[in-house]
Amino acid sequence: MSTATAPGRPPAPGAHLARKKRLFFPFFLPAVALYVLFLLVPTVATVVLGFTDWSGAGDTPEFTGLANYSELIASDAFRYSFLNTLLYIVVGGVGTFLLAFLFTMVLREMRGGKVVRAILFFPNIVAPIALGMFFGIILVYRPNRQGLANYLLESVGIDAVKFLAPENITWVVTGCLIWASSGFYITILMAAVDRIPPYLYEDSDIAGATPWQKFRHVTLPLTWDVVGVAGVLWTISAVKIFELVFVLAGPGTYSPPIRSWTLGVFVFDRSFGDQGAPAYGTACAAAVVMILLVSVLVVALRRLMRRDVIQY
Amino acid sequence: MTTTAPAGKRTPPRKPKPAPTARGLSPLRALGMAVVWLFTALNVLVLYWLVAAAFKTPIEIFTKPFALPRTWFERGQPFRNLLYAWDNAGFGRAFLITVVLVAVASVVIVLLAAPAAYALTRLGVRGSGGLTNLFAIGMGIPFQTVVIPLFIGMAEFDLTNDLFGLFLIYVALSLPFTVFLLTGFFRSLPDELEEAAAIDGASPSRTFFTIMLPLARGGLITALILNAIGLWNETLLSIVFLNENANFTLARALFAFNSAASYQSEYGGLVAGVAIVVLPMLVLYLLLARRIITGLTLGAGK
Amino acid sequence: MASVTFTGTTRFYAGNPVPAVDGLDLEVADGEFLVLVGPSGCGKSTTLRMLAGLEGVDDGTIHIGDRDVTDLPPKERDIAMVFQNYALYPHMTVAENIGFHLKIAKVAKTDREAKVRDAAELLGLTDYLDRKPAKLSGGQRQRVAMGRAIVRSPQVFCMDEPLSNLDAKLRVQTRTQIASLQRRLGVTTIYVTHDQVEAMTMGDRVAVLKDGVLQQCDTPIGLFSKPANLFVAGFIGSPAMNLVPARASGESAAVGGVTVPLTPAQRAGLTGDDLVLGVRPEAWRVSGAGPGLSAVVEVVEELGSDQYLYCVVDGVVSEPIAVRTPGMSPWQRGEKVVLAPVAESLHVFDKGTGERLPD
Amino acid sequence: MRSTRLTALAAVSALLLAACGGGASGGGEDALALPGKDEYLAAPCPEVGTKPTTGGEFTYWSMWTKDEPQGQVLTKAMNCFTEKTGVKVDVQWLGRKLLTQNLAPALNTDDVPDLFDQDVSQVKAAIVAPGGTQTVEDVLDYKIGEGDKTVRDVLPRSVWDFPANKDADGKIFEIPYERIGNAWWFNKDLITDFTAPQSIDELFGLFDKAKENGMAAVSQDGDIDFYNAYFYTQIAERYVGAGGLEKAALDKTGQAWVADPNLAKAAEPVERLAKGGYLIDGWDAAKFPQVQQRWADGEAAYVFLGGWAPSETREYLAKQGGDKGITYATFQFPQPEGATHRVVEQLPLGFAVTKKAKNPEAAKAFIAYMMNKDILSGIATVADNLTSRPDLPTPESMTDIKAALDSDAEKTIFMDGLDALSGGKWVESVFYPLNNDLLKGKLTAQEFVRQLAAKQAEFWKTNG
């Protein structure tokens, strides 16, 4: 096609690049158009709607300034939602990563490690709603007809636990979250660990490093960047936890008690959830809080995790 | 000095001795091993429970969680729970809808995301980095944030309670992750092939379709699979955007079935419903575990 | 300091019925520099890793001094290892890298710093102590790896091809540095390489391995002048020794019109009539005519100081015969020549067993 | 294969829809079914009184699922309606959350059903308040297919004419087809020497006796907030009368709760219930409906539930695969000491028509048809519940509740309609959390009302 150029010589790079650049818009526009239309514009709309009072159903939004936000601050439901979300992000995150770290120490040199990893990973491809229903059944407390969890506890002589009692539910959900998501983070971290040259571990063996020292001096510093990315991923996904809590903590038909709510449940409840007319304005305000929370956490995390880039 | 060992003198041990380093069990390692095995065993157990319970009566589910299912088999109705869920939760139709919706949406997502990712990484356009970050930010926006304006907006165009509307939303909301994932793949491709194609006189678009796309095949397939999994499990949007049973996706149907089945004490059916949603993913996973795992880690590691 | 003794040491790898190292018997004297050499897959690295404790030992024992270390973890063996890739920790500075083992061993900080400084000085790394490995040249990295080994003052150095990542010039330079450093420190050293030049130039003694079996262990001169078998004969020396099949008849052996006498001992050692004559390139006499193998010069390599001729001898050997002649000799490509071996430099091997026949 | 009862069970809806009246033979489930179910479903369709003049179709979003008894009755009604009028019904079985998950969002669109159903108080909060319905007062004058009888002729005024059933214009928005009352339930086979309690003390006497007999006294699905609320509201209503609780809840200062000492007094029996260990072990870690199932299994003596108790528990027992049944019996909360009001709670479930309905006429005609005795009786015979027509037969287990509902006592909506206040947010943030704590014994009666007062004042400040 580039007949103008002599054989054996590349076309002038400028010309080629310019032709390539002409592809940019046809290639980029469809995706970015959808992205802006369906994600950015609605996000802005949500921010705007957060300043209004609106119950939908033909009603028109009415500007109320910060009223929604002061309502949120005063609302117990919101307070629980916010604190629980924070709890799931922080405690669930710490638990998940501790577990993942513990696993990296062992899985690296374990036979059958790949199979184990695959098994641990599996819950991640199960719909959260199915997980929630499933946990709801296995965590049943019912003397003489216990769910699987209590059945196991009782069969080893431990008293059954009221997992689903409201005062326990946040911790149970945290546990379930850790169970369900640790496989994913184990996999990510293990992939990073696998990239660490084995001779570094051999050298630490010769130095006589304990597993903890190997983790502390080799694994952690060399996977730090991946840990950072994984932390961001965790934050992003933990902020929107919804189905698992909704189905696990409640009867499934109605919203669960507010004590177990997350921001995701709050937004859902206020917009499409429980009794009463929707409060789209309040829901949008809460959604804005979700964005703020995730932004603040991600920025903080990035700052906290900042280190020199490691070059091999 | 010379030693020539007679052949066959040595018989290999059943398994070679581990290095002395691996032998010492530190408390931490012991703990780690215990947790790993416990965790793994638990996962296997739970999976077994799920599959077994899908064939059990409620009494069996709760009183003999480990026993193999019996009652329904004895009564000649081994698939009773699955049939119940299939009929009463409309899983039959939902299954079909989900398969088609997920398949078409995943393909379209990749078809849109691949050129965009290519444009962002390999066309040398100034500002590409910033635009890539713009897409990356989209991954951090929770669905809950956009669902209300989206719903109102879609309603304007009569696209609520409509599978095409849901399809559009699925495609649009999956783009940030997919574009981001694919930029990683395209960035890792060598320049030489593209240059060689240019020297051979291929037009830039032709280079993209005949050289770069096939090269990025691994990434495209990964993106396809990951989107398929994500959309298969998607619940929130389908709750909001689908009202009629006739349109329900599997996860949506399961959500509706959950409350109905509890009112009706239909634990067998409930577990079977969960199984119907989970098992196809299990099969897919067994077939593609490696690809899924490497894909996810690639996506995350970038 | 201490000696190192392998006794019947054997290593298998999972799924492979052939041992990677088979009944190795080897003794390394205190302070000796021993080079393990052989083609890739011969088991030399495995041997070193068994000594370091990075591999299990399936059979036999390893002693360092009087201590049986066969089942000891690496840290209790008092060894240091230099890896092929140096195994420098990318996130640590040079000083941290060198001091890492001391830190793990809980050496007090001031003590540690002093030792690191000494080692850095010894290796000329003082100016680089705060750098990360990525900012160092290949030679500097190599020295950091050395520094990490010597700072521990171990009883034994294990070096696994430590020069293979350097360019040719630096390799020559560094190899003398390592050798002299070792002589200065006097630490027993086991050095693995696949490069026979390194082996010959550095080692007090060289052990040649093939397929997990020790072929010969001797001084460089011993290996060169009295290779124990055909493998060693072909492996040591460059260009390699020419191996010419011959047939014994009576008190001599004949090949292509050349007859060489056999000693009684050689005759006694023969298992059959077939033998192999080993002739180093410099042990040929080349002439235009006369008794010997008639050959055609196929390639002439002129090095200035030396000249190598590669000559085809039809019907006797399949490979061209390498011949070293003084530089600027008049031989031309395509020229017909006659090759005659120098009798006193001949190596005679039994063809059946491949073993060298006693002189 | 098809001869086993379980096949029948699996294919129950199919069988029933196909009207195979004689169908399955003597299995456990059928033994427990109310007599008359098969006959009802197999019966010929009655004539339609008011035929729609337009529309070949209308859309109905149902609060039931297809397989539930009510779903079966409604399916029969729709099939008959189609058979007699040719009007097709596009039905969506959406379940209890259809209002907020489906209907309320859909009201923003033009894609709305013509007809839907749910209890009056939820519909009012979620759909009527933002103006999503049209009045159905005209349906009162539709004929129902029994001669000249109209809807107004067969439904007593009290069933439809009450404040909670009025929209902004004061017109009614729902025609009830089912009435739900509530009561203490017990199994007559297990509690043989029963005498209805006349005081709170006697009620606890019953509980104590149950405990002595080795049963738990009261079963309670603690994860449903509004189930937990029944105890307090039932007792408090007797002190303050219908509408009294709503009035207290609407007090912006919250002081109403402490000003009237009766409101604290009403909490005392709940405190006693909590602290006396009368509630079944595990009630507070419940996953609905497992605790009511434990009552059905005979682990607890009593359960306080709405009129749906028999249909839900009977289905449970059938699905357990066992063949033991329950002889259902009920009694009302006894009048607490010093209480001056006689109050009965009711919850009408009915049909409403959306404002944007495209086929309102057909939908309304169907509502009227539903009131036909041969159709509506299914609510009693198949679904075990009270119909909105007093003249239809009553399931035996419901007779006491019906008597209470038909008595001249004050009537109020369940929980005095508290759950509709401020779109449900009041109960959610003020009442339910404190009431749950009361029922768990974490609060005394006094603390309960004091905290209610404080919390409520705070609530109305931001939700005014």
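When the chains are written out, they are named A, B, C and D in that same order, and each has its own residue count from 1.
The rule is simple: contacts are C-beta pairs under 8 Å (C-beta built on N, C-alpha and C of every residue); 3 or more make two chains touch, one makes a residue touch a chain.
Note that the structure is predicted; figures quoted are calculated from it, not measured.
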Furthest chain, CA centroid comparison against chain B: C
Centroid from C-alpha atoms only, then distance chain B to chain D, rounded to Å. What do you get? 41
Centre to centre, by mean C-alpha position, how many angstrom separate chain B and chain C? 53
Would you mind pulling out the distance in Å between where the CA atoms of chain A average out and where those of chain C do? 56
Distance from the CA centroid of chain C to that of chain D, rounded to the nearest Å? 92
Using the touch rule from the top of the page, what residues of chain B touch 2 or more other chains? 19, 21, 59, 152, 239-240, 259, 262-263
Touching two or more other chains, which residues of chain D qualify? 95-97, 101, 105, 108, 287-289
Indicate the residues of chain A shared as contacts by at least two other chains. 56, 137, 140, 142, 205, 251-253, 271-272
Contacting chain pairs - touch in the sense defined above: A-B, A-C, A-D, B-C, B-D
Interfacial residue positions of chain A with respect to chain B in the complex: 1-3, 10-11, 16-17, 19-24, 26-28, 30-32, 34-35, 37-43, 45-46, 49, 56, 99, 102-103, 105-107, 109-110, 116-130, 133-134, 137-138, 140, 142, 144-148, 151, 179, 182, 184, 187-188, 191-192, 205, 210-212, 226, 229-230, 233, 236, 239-240, 242-243, 247, 251-253, 263-264, 267-268, 271-272, 280, 283-284, 287-288, 290-291, 294-295, 298
Within their complex, chain B touches chain D through residues 57-59, 71-72, 75-77, 80, 83-84, 87-88, 151-152, 155, 158, 160-161, 239-240, 243-246, 256, 259-260, 262-266, 268
Chain A partner, complex, touching residues on chain C are 52-54, 73-76, 79-81, 83-85, 87, 89-91, 100-101, 104-105, 132, 134, 148
Within their complex, state which residues of chain A touch chain D. 55-59, 70-71, 74-77, 136-137, 139-143, 162-166, 168, 250-259, 271-279
Touching residues on chain C, where the partner in the complex is chain B: 10-14, 16-17, 19, 22-23, 25, 53-59, 71-74, 213-218, 228-229, 355
